[in-house]
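The data blocks that follow each hold one structure.
Across the two complexes that follow, chain A remains constant while its partner is chain B and subsequently chain C.
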Partner chain A sequence: MKERFASGYNDFVLPFMLSMIFILVYLLVAIIRVIIQLPPKDRKRYLLSLINPVILVKDIKDIICDVLLHVKIWKRKPLLGYMHSSIAFGWFMIILIGHIETFLYVPERAGLLYYPIFFRFFMMETNHTLQGALLFFLMDFFLLVILSGIALAMFKRIRSRALGMRRTTRTTLPDKIAMYALWAIFPLRLLAEGFTAGISGGSFLTKSVWLLFSNFLSNDYHILPTWWAYSIALGTFFFCLPFTRYMHIPTEIFFITLKNAGIKSWHPRKGYALAEIYSCSSCGMCIDACPMNAQKKNLKYSSVYFIRFLRRRNRRKMEEIADKCLQCGKCVAVCPVEVDSCRLKLLSRERHRDGKIKADYTYLQRVNTVEPAEKRPKVLYYAGCMSQLTPSIGKAMGSLLDKASVEWSPMDKDGGICCGRPLILSGRREEAQAMIQRNTELILASGADTLLVTCPICFKVFREEYNLPGIRVVHHSQYLNELVKSGALKVEKEDTRMVYHDPCELGRGCGIYEEPRELLSKVCELVPAGHERDESICCGGSVGSITLSHEERVHITDAAVEDLMTNHPQEIVTACPLCLKTFSPRSAKKVRDLAEVIDRCSTSPEK
Partner chain B sequence: MIDFGYGLTPSSAIDLDKMDRTHFEILIRREPDVLKCMACGSCAASCTAGVYTTMNLRKGILLLSRGQEKSALEQFRSCMLCGKCQLVCPRGINTRNLILSILKTYSIQ
Partner chain C sequence: MNNRNVVIIGGGPCGIEAAKTLAKLGHTAFLIEKEPHLGGHLAKWDRLFPYGQKADEVLNKITSGLENVKWFVDTQVTSINRIDKSYNVILGNGMSILADAVLLTTGFSLFPAEKKEEYGYGIYDRVITNADLEHYFAEGNDHRIQYPKKIGFVHCVGSRDEKAGNRQCSKVCCATAVKQACEIKEKFPNSTVYCFYMDLRMFGRNYEDMYLEAQKKYGIIFVRGRVSEVSEKQDGTLLIKAEDTLSGKPLRVSLDLLVLMAGMVQNSDTAKFAQMLSLNIPEDGFFQSKNYFTAPGVSSKKGVFYAGACTGPKTLPEAIAEGKSVALTIDEYLL
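== the complex of A and B ==
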């Protein structure tokens, strides 16, 4: 290896160098801005996490898996995963090997940012060494990998369905410029290195390009223009970067370190949230995931557009989307970057509520629905508003508890207080405290040690927002499963084919997928739905949405029912009164709650 | 004299010429569903807050549509937005957004 130019410099590196300096300064300022915006407690936590070896190891692992290899996309859509990781990982390897080459052969140039990038222009191979050949081979190999990824990306723009995506995102003008620049970078690099291969040497790819061109373009005047073009493409890309979705590449690295430090968003657009929204790659996975998109005209309500408007500070559009969202959490579950857009939407609701009439919940203090503590039931059953509308669930639960000889009492038999979650979901967290406080008093006064709920909406809020020392909050899917397992309830198997619908709040919301399945498989033949577990489709009835109309909801319900019918079950079972109520009028097959099914198939062990 | 609870009730006639519907028109723009109400009362019958307070959505909509804001608004302060009324409404009215829109549109003097 020998340097071709004593100066080690050529003017064509300028576009690249200027853009690189620009982007590095920009990133530094942005990172400092985010850290300054963090509340002091979070800031301390973040800075401490940077010296914590356990978190650091996790940071590095996550950066490799998520930013370079895109493991999460691979898991869901392999071809799309290949597209992302070939470009990201390939590019990283080219940069890395470029640095290794520079370090090995011209250590004195190691500080120059542009040298490893334009290595083949400045260096020529004089004699073939194994080391040199290997490095050149690797460079060509990863260039080929990237080129295949770019080819897929172009193909995806034309036909998104081919990569397993029904819909892809709309691009903006800066996005387009950066995208074309990105597409141009690697073919130009191939050309530039190809033209130079006669002098600098190359491997299977670049050398072949040189051989091909040398037959009819064999003159070295092409060398400089192609290197200029390559450098300009790089420059364009990096200058556009902050204004495009590609900003996610550097941001995600920073975001991972914030996320692993255990910080959460507290404002829809500041600090953590800022890093979060700039980490969204506009990959569009959330578009296909969103149940609202059962109707094509609702595509605009997908999380990716919410984040886009949030980023552009378009308050009107952003609020419109935030208020539509069902808060089903599916977009968060599929998001490869783990952008918690549901939380951002809630925070946005909380900030932009402008009610003139203040709520008055003082009357709650007078509500007293529990019996005095002397009776001390073991289990307090809270039906919640929704289960009150589906009396069959309460009836079945009562019958089951009696069969299992559990000492229990109802908490809201003739009316009660809402758990407060619907209020929180509409952005009124402070007002909800009135409900939380009074319910807590009532529960503690009952003397029970278990709070049993049949509504996952209530279940989630009791677990997350209530402070109930010494009291176990349990969902009936868990509780019944325990009763059956311990032999307190005897069940018999029917030969009905059933499908289980994962309620959003129970599955994605509380992570309970196994218990209802374990329980149901003891009493019936359980067939899978089209989409299950964290990919289950919201029933459309969610209290999470504020502005979604009944007509729009019906389409979601129909899509969900159709998906549940994939394997032709005879009945649909769910574990949420709201799902039950939403599905029932739209389903040809009978819809039941878990409690009803178990009640039908169980007997008391004494008999 | 013994009060038997009978007496003259004030006239409930509404003067359409004097009726002020400006706020109601804004409400219609915010949640057009309000026009769908057929005053069946299912919402009031199932209301969580209604067990303890005067909360009655049917009545509220009716009064607001007649411009009788004064007597209609106070009750909405007790609504817990639980959404039961929405589930039972035979007209599929988005009652939660309707109530939120009422809280945004009107103010209590």
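== the complex of A and C ==
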């Protein structure tokens, strides 16, 4: 290997170099900006995480898995995963091997950014070495991998369904320019390297291109223009980068380090949120995930568009989507980058809730559900507003607790206080504090060591917003499972085919998927739904949405019921009173709560 | 005039009236009823508003003169196929009728009150429906009604309630509730009776008088506001929460008996017949007439007609009148 030019420079590298300098400066400024915007506590936490070896290892692992290999997309949609990882990993490998080549053959040029990228223009092969052949082979191989990815990407624009996506994102003009530039980069590189392969050498791909073209291209005048074109394509891509969705490529690396430091967003557009927004790749996985898209006209409310409007500071449209969202969390569950768009929407609601509401909290002190000392229960049962509206749950729960001889008492049978979550979900976190405080007093004064909840909406807020030292907060799906396992309740298997609906707040919200299934499998034949666990479809009744109308919700409910009916169950079982109440009027099959089913199938062990 | 076959599906007051009139006009009327007896909901009622006339008296009057009608009870319609201009109606008993016209008088179903779970029907022992109460008035026994001292009526259960899937007003429940409130007060004179209503729609002649009498003579307490939730106490009595929207105050009342005024919804068989006859049904599930004013009994398919509550909630006199009038419409069509 020998350098062709003593200067090691040609003007065609300029578009690439200028864009590279531009983007590096831009990224540096952006990173510093985000770090400055972080609250001091988070900033300290972040900087400390950078010297914590455990977190660093996780950072590196996540960067390789998520940014380069796209493991999360592979798991859900293999072909789409291949498309992303072939381009990302292939590109990374080409850059890496380019640097290795430079380092091996012309170490004095190692500091030049452009040299590894345009290596074959500047080098000529004097004799064959095995090492050189291997590197050339690897370069051609990864170029082929990338080209296959690009071909898939082009095909996806025509038929997204073939890659497992029913719908894909609407692109913006800068996105389009950058996309076409990206598509052009690698074919141009193939041509440039192919034309030069007679001088620089090449492997199976570039050499073949040279062999093909050298037959009818009699001179070398086209070599330089092709390198120019390649450099311009790269330049265009990098200059456009900050204004396009492709900004996620560099941002995601930074975002992973922030995420692993344990930081969360606290403002819809600043600091961590800024990194989140720019990490969104607009891949559109959230479009198919969103339950609102049971109606095509609601496509515009997908999280990807929320992030887009947030990025563009389009307050009106951003708020419209934020208020519409059901907060079911499915878009967050399927997001390959783990952008917590639900949290961002909630933060946006909190920020833009105009005016204070005049709330009368005087009644809070009048509510006193604390039992006298001699009747202090071990288990305090909080039914919540929704379970009050579905009395079958409370009744079944009471019967079950009595059967299992649990010392319990109801906390809100004769008028209780709301858990506060509906207020929080509507962006009124502050207003909810008075209720949270009074409930906390009542729970602590009750003398119970367990707070039993039948509503996952309440369950989530008790777990996350309440400070209840010494008290275990437990959902009835967990508690009943324990009672059955410990033998405090005896159950008998029925000959009924049932399907379990994962309530959003219990599944994606609290990560409880196993307990209800374990419990149900003991009393019935449990058949799977079309979409389960973290892919379960919201019932449509969610209190998360502020502006979604009943008519629109009905479409979601019907879609969810249809999905549950995939394997023809005889009954639908859920573990949330709101899901129960939403499904009941729209389902041909009987909908029941877990507690009702277990109550029907269980007996007290003594009898 | 030719003698033509007309199949009437649904043997309630409206269907009976139509069948009788068609027979008088010289056609062969086949009246098909899935239940073991004719009369529809009327057969299950005790007394009728506004004058308190016994339902069986009215029904006897309606069902007299059915000699010229070929009627079948306990009979389902298995299928209906169009053959040229007529319809081949195949019945569950194996019979098939080549009909020149088909009249749907399928009526309504009562809203299944257990779907409003917050009212606890089917969960709490002392929650009953208007139909249960009529049954009690007629038969005189119901284990759920044991000398109640405080009784509540909830209007609009499953009516004017989007979440329950019905936006329509069921028309008759207000008057029925007032009638039943007076009747139960008569039965248990020492009881206190509450009516929880949204609006009181006393639209007919003498209905308003009935309402005034309920307040003056019977002392029924009318509370404007919906019941939000019902819970059961240890002793089995009910605690209901409501809002008195006139005073703007939340309200809690203990009751011994709660009566839910289940409204009218489309008959559960509507969809089945719509499919058999390829008829479009709008979102509310009731059949849609060709024209509300000028062609109330005419469907979008030639030779298929509607009458009665299958096109929306109707009072009994309205249903009877529609049955009679649609017979003339069919007669004109068959000429």
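A few remarks follow.
The working rule: the second predicted complex is superposed on the first by the 600 of 607 C-alpha atoms of A that agree within 3 Å, B and C clash if a C-alpha of one lies under 4 Å from a C-alpha of the other, contacts with A are read in each partner's own complex, and residues count from 1 in each chain.
Definition applied: a residue touches a chain if its C-beta (ideal position, glycine included) is under 8 Å from a C-beta of that chain, and two chains touch if they have at least 3 such contacts.
What you are looking at is a predicted structure, and each value in this text was computed from that prediction instead of being measured.
Superposition of the two structures on chain A shows chain C clashing with chain B.
Legend: residue contacts after superposition of the two complexes on their common chain; A:395 is shown touching chain C, with no touch to chain B. Using the contact criterion defined above for the overlaid structures, shared-chain residue A:360 touches chain B, although it does not reach chain C.
Of the two partner chains, chain B and chain C are each touched by A:581.
Residue contacts after overlaying the shared chain place A:550 against chain B and chain C alike.
Contact with neither chain B nor chain C is seen for A:498 once the two complexes are overlaid on the shared chain. In the superposition on chain A, contact of A:413 is made with chain C only, not with chain B. In the superposition on chain A, A:426 contacts chain B only, with no contact to chain C.
In the superposition on chain A, no contact is made by A:258 with either chain B or chain C.
After superposition on chain A, the stretch of chain B that runs into chain C among 6-14, 42-50, 60-68 or 78-86 is 42-50.
Overlap of the chain B and chain C contact sets on chain A: residues 388-389, 414-415, 550, 581. Considering their complex, residues 323, 354-361, 363-364, 366-367, 385-386, 388-389, 414-418, 420, 422-423, 426, 428, 435, 541, 543, 546-551, 578, 581 of chain A touch chain B.
The touching residues of chain C, when paired with chain A in their complex, are 115, 117-118, 120, 123-124, 162-165, 228-232, 239, 241, 252. Contact residues of chain A toward chain C in the complex are 388-392, 394-395, 413-415, 550, 580-581, 584-586.
Put simply, chain B touches chain A in their complex at residues 33, 46, 48, 51-53, 73, 76-84, 87-88, 92-94, 96-97, 100, 102-108.
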